[in-house]
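The structure appears right after this line, and notes come after that.
All chains are identified by letter, namely A, B, C and D, in their written order; residue positions are counted from 1 within each chain.
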Amino acid sequence: MQLGLVGLGKMGFNMRERLRRGGHTVIGYDPRPEVTDVATLADLAGQLAAPRVVWVMVPSGPVTDETIRSLADVLEAGDLVIDGGNSRYTEDGPHAKLLADKGISFIDAGVSGGIWGLEEGYGLMVGGSEADVARVMPIFDTLRPEGPVADGFVHAGPVGAGHYAKMVHNGIEYGLMMAYAEGYELLAAEDLIADPQAVIQAWTNGTVVRSWLQQLLAKALAEDPDLAAISGYTEDSGEGRWTVEEAISHRVPTPVIAASLFARFASRQEDSPTMKAVSALRNQFGGHAVKRVGLSG
Amino acid sequence: MQLGLVGLGKMGFNMRERLRRGGHTVIGYDPRPEVTDVATLADLAGQLAAPRVVWVMVPSGPVTDETIRSLADVLEAGDLVIDGGNSRYTEDGPHAKLLADKGISFIDAGVSGGIWGLEEGYGLMVGGSEADVARVMPIFDTLRPEGPVADGFVHAGPVGAGHYAKMVHNGIEYGLMMAYAEGYELLAAEDLIADPQAVIQAWTNGTVVRSWLQQLLAKALAEDPDLAAISGYTEDSGEGRWTVEEAISHRVPTPVIAASLFARFASRQEDSPTMKAVSALRNQFGGHAVKRVGLSG
Amino acid sequence: MQLGLVGLGKMGFNMRERLRRGGHTVIGYDPRPEVTDVATLADLAGQLAAPRVVWVMVPSGPVTDETIRSLADVLEAGDLVIDGGNSRYTEDGPHAKLLADKGISFIDAGVSGGIWGLEEGYGLMVGGSEADVARVMPIFDTLRPEGPVADGFVHAGPVGAGHYAKMVHNGIEYGLMMAYAEGYELLAAEDLIADPQAVIQAWTNGTVVRSWLQQLLAKALAEDPDLAAISGYTEDSGEGRWTVEEAISHRVPTPVIAASLFARFASRQEDSPTMKAVSALRNQFGGHAVKRVGLSG
Amino acid sequence: MQLGLVGLGKMGFNMRERLRRGGHTVIGYDPRPEVTDVATLADLAGQLAAPRVVWVMVPSGPVTDETIRSLADVLEAGDLVIDGGNSRYTEDGPHAKLLADKGISFIDAGVSGGIWGLEEGYGLMVGGSEADVARVMPIFDTLRPEGPVADGFVHAGPVGAGHYAKMVHNGIEYGLMMAYAEGYELLAAEDLIADPQAVIQAWTNGTVVRSWLQQLLAKALAEDPDLAAISGYTEDSGEGRWTVEEAISHRVPTPVIAASLFARFASRQEDSPTMKAVSALRNQFGGHAVKRVGLSG
């Protein structure tokens, strides 16, 4: 089928390619002339036959918000917009309403798989009405991995459910990575272990901990055995923060995901004010303070 | 080749079967007459041609210790003992020494895969000398999964390294399970999500979080959507505790593995003395206390 | 000086008493006829000489919001409103603006001390302009404990700073209580310790861990040695949740405060969905599952 | 009464002084000539009238062990040794037995208070027999702070109980310091807060979080408002590690104490291998990897 695709970055570019390989007609828009198919969003709308489907694949936050507002101007009643970026699920309702006011439908789609998606397909979690999802299903079927539909695609619920599921997916991802990483450090710290990489590699088949991330860790260590070229400074892109905020909102204890998030925060501090304060306290009671501190009541 | 196998429980029984299918001659010993091949450990030794190889697959701790001591009595110089149970790696050195005093070799082997190992093969992490490992390699080759050796088997280092690697494997496993489980609870807590099982099932292909455990969780939820038949009471078998103890010993921060361990401890408490104390404190300052407490200095 | 006081619950009732003992004229309003001095907020305004000062001491959230809106109607330019409840600091800006539109000033005041404040005084953290704080200082001086001003009162910054400081105070409080409570459980778990209460009592003088909360814990255990009458079910009133949300917003790692918050969440669950999922996973790979789960790519 | 005191470091030196002020006859031994009263442990024994009491106040571990062995040689039946250092409680049993074999009694004493103890007195937690504790009570009475006995001294149980109680005391201390420190960082991170020191100072009177550590933190910040002269690198002296190990041994969840311990470990790492591994994983799936990784089963 015919699809407009806004945003041809690392994800969108590959998705256009995968969709074209699957026989779809994709018209892509991107501000960079070297990758775009059309000059403006209005051109994009002009080249698509109504009713149109436009997939938005741009950075979450203001850029997504602005893109959806612009599409509301150039699209018309009966069209459908999919937000495939990593938007916070709480933004989906307002976006859906904004578009619905013009008769335009909305689907939120969580997309997982990174750079491997072009070849392996993308794991998809979508939110929206039954009718809207059914309408776009040919697109989803091409983007998702081969195999049973239910193993790589889920219609998770109404608008917002797709991004919520993707948020939780990423929260789990934080915890999984941290668990493997802690284990790696323990292997590297123990003299008995000749080669941590070989141990992690050997978990590929048969073990309880085998996974895609386990294989990627083995691969990373094969390329750089001491991870000498890699800093511990670790960014986070929002989903981890939102997951813990949702946990708080739902009163769900998530010690593992929160610990994984905090470890990222800590990795970005040159020195920790918290630990400076702990150190200052030890200093105070441990022998260097000279003035008496009474405990008043 | 010929192998003695002590312990024909859930793991040992299946391993005997897999080894026999692989063409090895296995003589199994177990105190239960219905599964054993011989009446005593002495019989076991008597039926094996020297130099013998005996695999011990019994519960870790006293039972393993006693078994190895008994084998030291019935085996002779040139024989080799493998401890394939979940022994703490610190016990391997003493066991190796005990046997070495009689000229008997020792290998420690961490075995992963649970009940699936019979068909899929067992992930193996072993510790010992090069010569000893080479000698038993035909057994390891049959037990491990098909595919490249390095993907399902590792000679991790000298005696102790196999069980250390297995301990870390299980510590990671605690963290992975907890990460998925926290994510499950968040999905179940959110009204937008129509069916948490469907979301987790959809992570099977293409996503960053795909793994064997993820598939098992989807399977468990397919069998019992609300996990209504399952209690949160969760045992631990030692490796998680040892992993955190090793982390402390190596001064390695492992917040995720420790949180996963503590969550198991908490799951087994009817009421938490810690939280009773917190509650009592809130009670004291929040309005029900009647006597004044001064702060003395 | 003259003060209107809205809300005569556990906190407000005692504050009226302490202020009157201090020589101030306090007109209190509460919907409960048995404690109120006036029938309506309009009466309250009518009985105060302009320019008025009105202290709001009602539950945070909608009740506070509604009270401030009502005061905006019955007060006039030049008056001043203090929110002394546990409002989230992000609500202070909007409240200040709402009042400023009518020429009414606003101060946010965090108040600590619970039921002990009547006799011991209340720890105060306030936010607002220099002029506004100076104007109300006689009230603050009576409410705060005796001793140096700086030991029981702080003008923490502009509007919002008082409630922010109080929020952090309560976040710390969560961590302190949890630290003592974990220690209590360890004492109670160890047979060597004859009487945990006696140990905690003995920390009152001379030790590094002496504090008001430590004394309250000793007192609680003296009243009920096994805390038999107290459930571990522990509520939270918002500040702990907000503190962790602020930590996330500021990218500050707060593992201790977050762990204390999650422990409260967990204390209120009859069974933990997270641990049910962990338990289900152990069940799947550990021996009861019967169907093979392949790991697709 | 008469007392031998082995170890005249920061703690022992002050304790000798406090005991002498209290009217006791103290003969101190230390390898440093400038502080010692006698040349050798044998001299120490020689100058004390039998039955002797000797207090050991030296670094825990090998130094304490060696000192107690040496005392076993120079003391005689009827004498009594007190270990007042930070020994692990599990070492008390063997030490007691070693001495008991020669008819010498043993008491373990946890001592809290640091450099403030000289003037304020030392919080004491002791383990041993009723008779032994009664015999040394005059010494304890002089060392402990003024006020009710039970507020600064506890006979916690049999041999080992004193050091166990002190270990838990220090574990709690880790958690308390971390809670305050996290709160400090949150105050420092928020622009609304004019001066974190002033806020923490204002918690001295009336608040729920008031404590000796809170006052020390206010004092440290008064001396160095940004803690600019203090590094976050934070040592640990063993009790925190032992506390978590005991928690594991007793199956007691201690998330707060463990998080505080791990934060110290992390503070001493230049770069975190765990976070390097997390970063490497993000790198692998996020866009820089070039080779396909299949997920084998």
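By our rule, a contact is a pair of C-beta atoms (placed from the backbone, for glycine too) under 8 Å apart; a residue touches a chain by one contact, two chains touch by 3 or more.
None of these values were measured; they are calculated from a predicted model.
Enquirer: Kindly point out which of A-B, C-D or A-D repeats the B-C interface, defined as over half of the contact pairs being the same residue numbers.
Expert: Of the listed options, the interface copy of B-C is A-D.
Enquirer: Based on mean C-alpha positions, I'd like to know which chain lies farthest from subunit C.
Expert: In terms of C-alpha centroids, the chain at the greatest distance from subunit C is B.
Enquirer: Measure off the straight-line distance from the CA centroid of subunit C to the CA centroid of subunit D, and report it in whole Å.
Expert: 32
Enquirer: Distance-wise, how many Å sit between the C-alpha centres of subunit B and subunit D, to the nearest whole number?
Expert: Here subunit B and subunit D have centroids separated by 36 Å.
Enquirer: Where in subunit B do residues touch two or more of the other chains?
Expert: Where subunit B meets two or more other chains at a single residue, that happens at 114, 116, 120, 147, 151, 178, 180, 182, 185, 189, 204-205, 208, 210-213, 252-255, 259, 262-263, 266, 272, 274, 285, 295-297.
Enquirer: Where on subunit B is subunit A touching in the complex?
Expert: Going by the criterion above, the answer is residues 89, 112-114, 116-117, 120-125, 127, 144-147, 150-158, 160-161, 164-165, 168-169, 171-176, 178-180, 182-183, 185-187, 189-190, 192-195, 198-199, 201-214, 243, 246-247, 250, 252-257, 259-260, 262-263, 294-297.
Enquirer: Going by the contact rule set out above, which residues of subunit A touch subunit D in the complex?
Expert: The contact residues of subunit A facing subunit D are 10, 114-116, 119-120, 177-178, 180-182, 184-185, 188-189, 204-205, 211-213, 215-217, 219-221, 224, 227, 230-235, 255, 259, 263-264, 266-267, 271-287, 289, 291-293, 295-297.
Enquirer: Quick one: in the complex, what on subunit C touches subunit A?
Expert: Against subunit A, the touching part of subunit C is residues 120, 147, 151, 208, 210, 241, 244-245, 248, 251-255, 258-259, 261-263, 265-266, 268, 272, 274, 285, 295-297.
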